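Going by the order they are written in, the chains are A, B, C and D; count residues from 1 in each one.
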Amino acid sequence: MQEILDRIVAKARGHARRGRPASYIPALSRARRDLLGVSVFTLDGRTYHAGDHDRPFTMQSISKVFCLACVLKLRGDRAVFALVDREPSGDPFYSLVLLEYENGRPRNPMINAGAILITSLLPGRTSAAKFAHYMRFLEGVLPGKKLDIDPRVYASEFETGQRNRALGCLMKHFGVLQSATEDAVDAYFRQCSVRVTCDDLARMGLFLAGRGVDPITGRRVIAEGHCKTINALMATCGLYDASGDFAHRVGLPGKSGVGGGILAIAPGKMSVAVYGPALDPKGSSVAGFEALEMLSQELELSLYL
Amino acid sequence: MQEILDRIVAKARGHARRGRPASYIPALSRARRDLLGVSVFTLDGRTYHAGDHDRPFTMQSISKVFCLACVLKLRGDRAVFALVDREPSGDPFYSLVLLEYENGRPRNPMINAGAILITSLLPGRTSAAKFAHYMRFLEGVLPGKKLDIDPRVYASEFETGQRNRALGCLMKHFGVLQSATEDAVDAYFRQCSVRVTCDDLARMGLFLAGRGVDPITGRRVIAEGHCKTINALMATCGLYDASGDFAHRVGLPGKSGVGGGILAIAPGKMSVAVYGPALDPKGSSVAGFEALEMLSQELELSLYL
Amino acid sequence: MQEILDRIVAKARGHARRGRPASYIPALSRARRDLLGVSVFTLDGRTYHAGDHDRPFTMQSISKVFCLACVLKLRGDRAVFALVDREPSGDPFYSLVLLEYENGRPRNPMINAGAILITSLLPGRTSAAKFAHYMRFLEGVLPGKKLDIDPRVYASEFETGQRNRALGCLMKHFGVLQSATEDAVDAYFRQCSVRVTCDDLARMGLFLAGRGVDPITGRRVIAEGHCKTINALMATCGLYDASGDFAHRVGLPGKSGVGGGILAIAPGKMSVAVYGPALDPKGSSVAGFEALEMLSQELELSLYL
Amino acid sequence: MQEILDRIVAKARGHARRGRPASYIPALSRARRDLLGVSVFTLDGRTYHAGDHDRPFTMQSISKVFCLACVLKLRGDRAVFALVDREPSGDPFYSLVLLEYENGRPRNPMINAGAILITSLLPGRTSAAKFAHYMRFLEGVLPGKKLDIDPRVYASEFETGQRNRALGCLMKHFGVLQSATEDAVDAYFRQCSVRVTCDDLARMGLFLAGRGVDPITGRRVIAEGHCKTINALMATCGLYDASGDFAHRVGLPGKSGVGGGILAIAPGKMSVAVYGPALDPKGSSVAGFEALEMLSQELELSLYL
């Protein structure tokens, strides 16, 4: 296995040339393009990693998965899916178009509008209280580690996140958002700015491979039904308008972030995290996507065969 | 297993009251609403069925799966996916909107535009020649049975299928369609009108559960890679704008048709077909969907746990 | 003429039953539905009025005309139309859809996005400074009258104007907005809340009938070219997605507001203002529209005959 | 006046370099780019022309104006506007998007969908009968001249007009089209292929400047109300998504065609036709548009001053 990972990292790293680090957040655009890390945590307790697996990066949209888990646990799926749908949108992650046509109801919790709405459901009136609650959940699935945010990335998000504010205002207009706009949007920016490594991320995803139970601590993190819901959403909507391509090439529930990370879940088997900051035009790590495709093929992980 | 199926049919049949038979094709609208059939073929050769499993119905959009298999085998995936994308569309199955915005390139082969394009790739210049080729493929995956079309349904499709003609013309305009418009559209109408039973359909889908090999004849129907592609497409796009809901509730690659049938594939395990003519607003069998959800739960078939 | 106006008011008032006062701003929804006022100022100095011509109402979107005049005068048309187009949008006044598709460039200055952009071009860094500048312009075309805002309407706009904030944020995202989002949006809300009567409004529009010159003071308010531009925009976009209907039935450059006012300009002849708070589904005064149609027919004002 | 026209033609001709002849119809793409003709018919019986005023070109979309006149006369405006709206669409002339969103109801008779619908309302069951009726109307407004179609252009339209067929099919699907699809579409292609000169076209438009009466023959061609309707539609929708620009720069009801012609109506004054085959990106003659702008300025024709 270790040998497979080493080989994949060596081969996939070259693909980074086809991509570019996220440019819309200045603090992300300076990342070195040729970084590539992989980390694997299996359900039966083994861990493997290769390349830049201990290099920190910001979670960005991958946080949507954990915020959803946290809110599903708190509010239940009935309350959550009364406000947001769970269908692929066919649109880029940032789009306002469907949100207007569909009266402020986001298509799914994996696009930005959906994630801001889910964030508005976190307990606490202020952005700080919401974020603190989320962080407690996150640290619960990554025992023994203290997480923090990258202040420069957060500052960038805060300053440049006008499109996300527009989504928040539009949902507020339709009476869908469940907190003050700025609180939901700011708490969302903070989540996006949390720093993790591949090792952290693969560890954090382990409960999603384990039917909602963390196999290392033995603790049930979320209900089995919520785990199924989250994996189904990642499988159909996790890479926005590249979700079909991901299903085709990797065949696993996955979630990418413009920080360069991708989390992929092989239910019943393992949790995998990759990191490579050069992105394709749809916002996913080029080399990371490539590495996951190779890994899925080598280990026959695709759910669709 | 037989007992499970009987129980499911008894329970799910009642849900049909929430739906209505397809009204846009007059010949379909007269179907009895309370019919429900289920048929299961496992990879290791066992078969089970319950309810109206031997009642014939027209394949409608389920034919898209087999036509794609036939064309992938003939032309290869490079040629096919040069012309059509493989992403969820987020739109209803009949929509022209994205097709215009995206210059005649359909989002995936599971929506009508995509299926008409795939049909235009069948060999033969005339609609009859294309259809004959498709039927040979179909009879190859259902050995020993002679299939036919329902002439009243075909006549209805032909007369009322103006929206599909519009899709064909628009793709012809953009130079994407690979045959005369009327030939592609007519061959598509014929495919939709092929009559099968649940038993037929579950048998026909078996190669998709078997990595492209028909486990009964031992014959390789399509390449393993094409099988993976088709299952991934069914998983993300098979129920159009209810694909997310199907992933959530059933968790398998699936394809519905407005004739009332749904085919679901549990890779490595089994092929399942259901039939119930009363449809939900998005065009899928209400009772069939319900029955598949129960079956998936009972047998723990969801790929996402 | 006086007799014509009286007759029109008597006849048109009844049409108000088909409409309803604006409900999205609470402070507007309480207006009495059967009010109707008309006021006419001719280029050669005569004035006529009938009905509730001296009843104050808020200008709402009619302010877009005067803000555009003020900004064209200050910045010139090249600078303004580098940022905003001058084509009908075909969409409702509040829509974000085209704004996203067209990278934050509003279709015209008569829809909300366009007006917020124009407002961002007013001099002054703060919302208060921008508004003060606009008010000086407004009082210049209504000599001898002190205008104020309706504080309850302004408070309503401020609290409920999330959709307008979304437009502002989206334009800020695309780098199109020329001030801080909240300053542009707030100054826009203030403009909308300025209180006028029909008499005020008809007097204020007189320079648009006079090729940019106020015929009473003899003062040139704006350049002839800017006057032509504004009238052309009102003629093609002034009633949003009812502009075609207005061209058909009234045949004059016009601008409606959800406060119930409509301003219509007969170039070279007269300026007409009507007020009736019950609105049609597209946001224009039902009785006011009716009154303008009758007046246009009686006086043969339509430009299209 | 003659001198003005000569000067304008000399000056405007150079602008043709910025444009290109229509390429989507092969037979049009071979036109010489530097041709420019102007023809003016005044209500009081004078005529002026300059440049290539007697060069034949195909009417293309300008035919929409005359077909609408013919059908309004036959069916009345209530019947016509029950099927088609009269609002600017904000979309290109060929678009299907709004047609789908609005259930097959075209936004106005000046876009292709609207014109095909209007054509379906011509009397006669076949395309030939419909076209013959239209031609009788056309020859009625151009007494003493025998019109014909350009067979190569018609053949091109017929072969390449798949987008128009798509529009027809979609309207047929929604039950809006009033004849067989192919008959409406084919009769529309024939109308588009009718050959005229600037002199013909300006003469043909004279009744639109004369409140529906042909000032030369004294014959009432259409009712005054229909004349107003047509001019209002030309003023707001005649140049599709450049209608606002035309209102701004020319300020008259106008209609362009991809054959290179533009017809402009100055109500109560004159009818003007220009011809220049090099088109701007929105499908209007570059030099013709320029010439009309100069003429409008010289003669102060804009309705908006």
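Just so we're on the same page, a residue touches a chain if its C-beta (ideal position, glycine included) is under 8 Å from a C-beta of that chain, and two chains touch if they have at least 3 such contacts.
Bear in mind that the values here come from a model prediction, so they are computed numbers and not experimental data.
Participant: What is the set of chains touching both chain A and chain C?
Facilitator: Shared contacts of chain A and chain C: no chain.
Participant: Whole-Å distance, chain A centre to chain D centre, using C-alpha means?
Facilitator: Result: the chain centres lie 54 Å from each other.
Participant: How many angstrom between the C-alpha centroids of chain B and chain A?
Facilitator: 32
Participant: For chain C, write out the residues touching at least two other chains, lowest number first.
Facilitator: There are none in chain C.
Participant: Show me, using the given definition of touch, all chain pairs that touch one another.
Facilitator: A-B, A-C, B-D, C-D
Participant: What residues of chain B sit close enough to touch chain A in their complex?
Facilitator: 85-91, 98, 107-108, 211, 224, 227-229, 231-233, 235-237, 241-245, 247-248, 251, 253, 267-268, 302-305
Participant: Which bits of chain C are touching chain A when the two form their complex?
Facilitator: 95-97, 100-101, 160, 162-163, 165-167, 169-170, 172-173, 181
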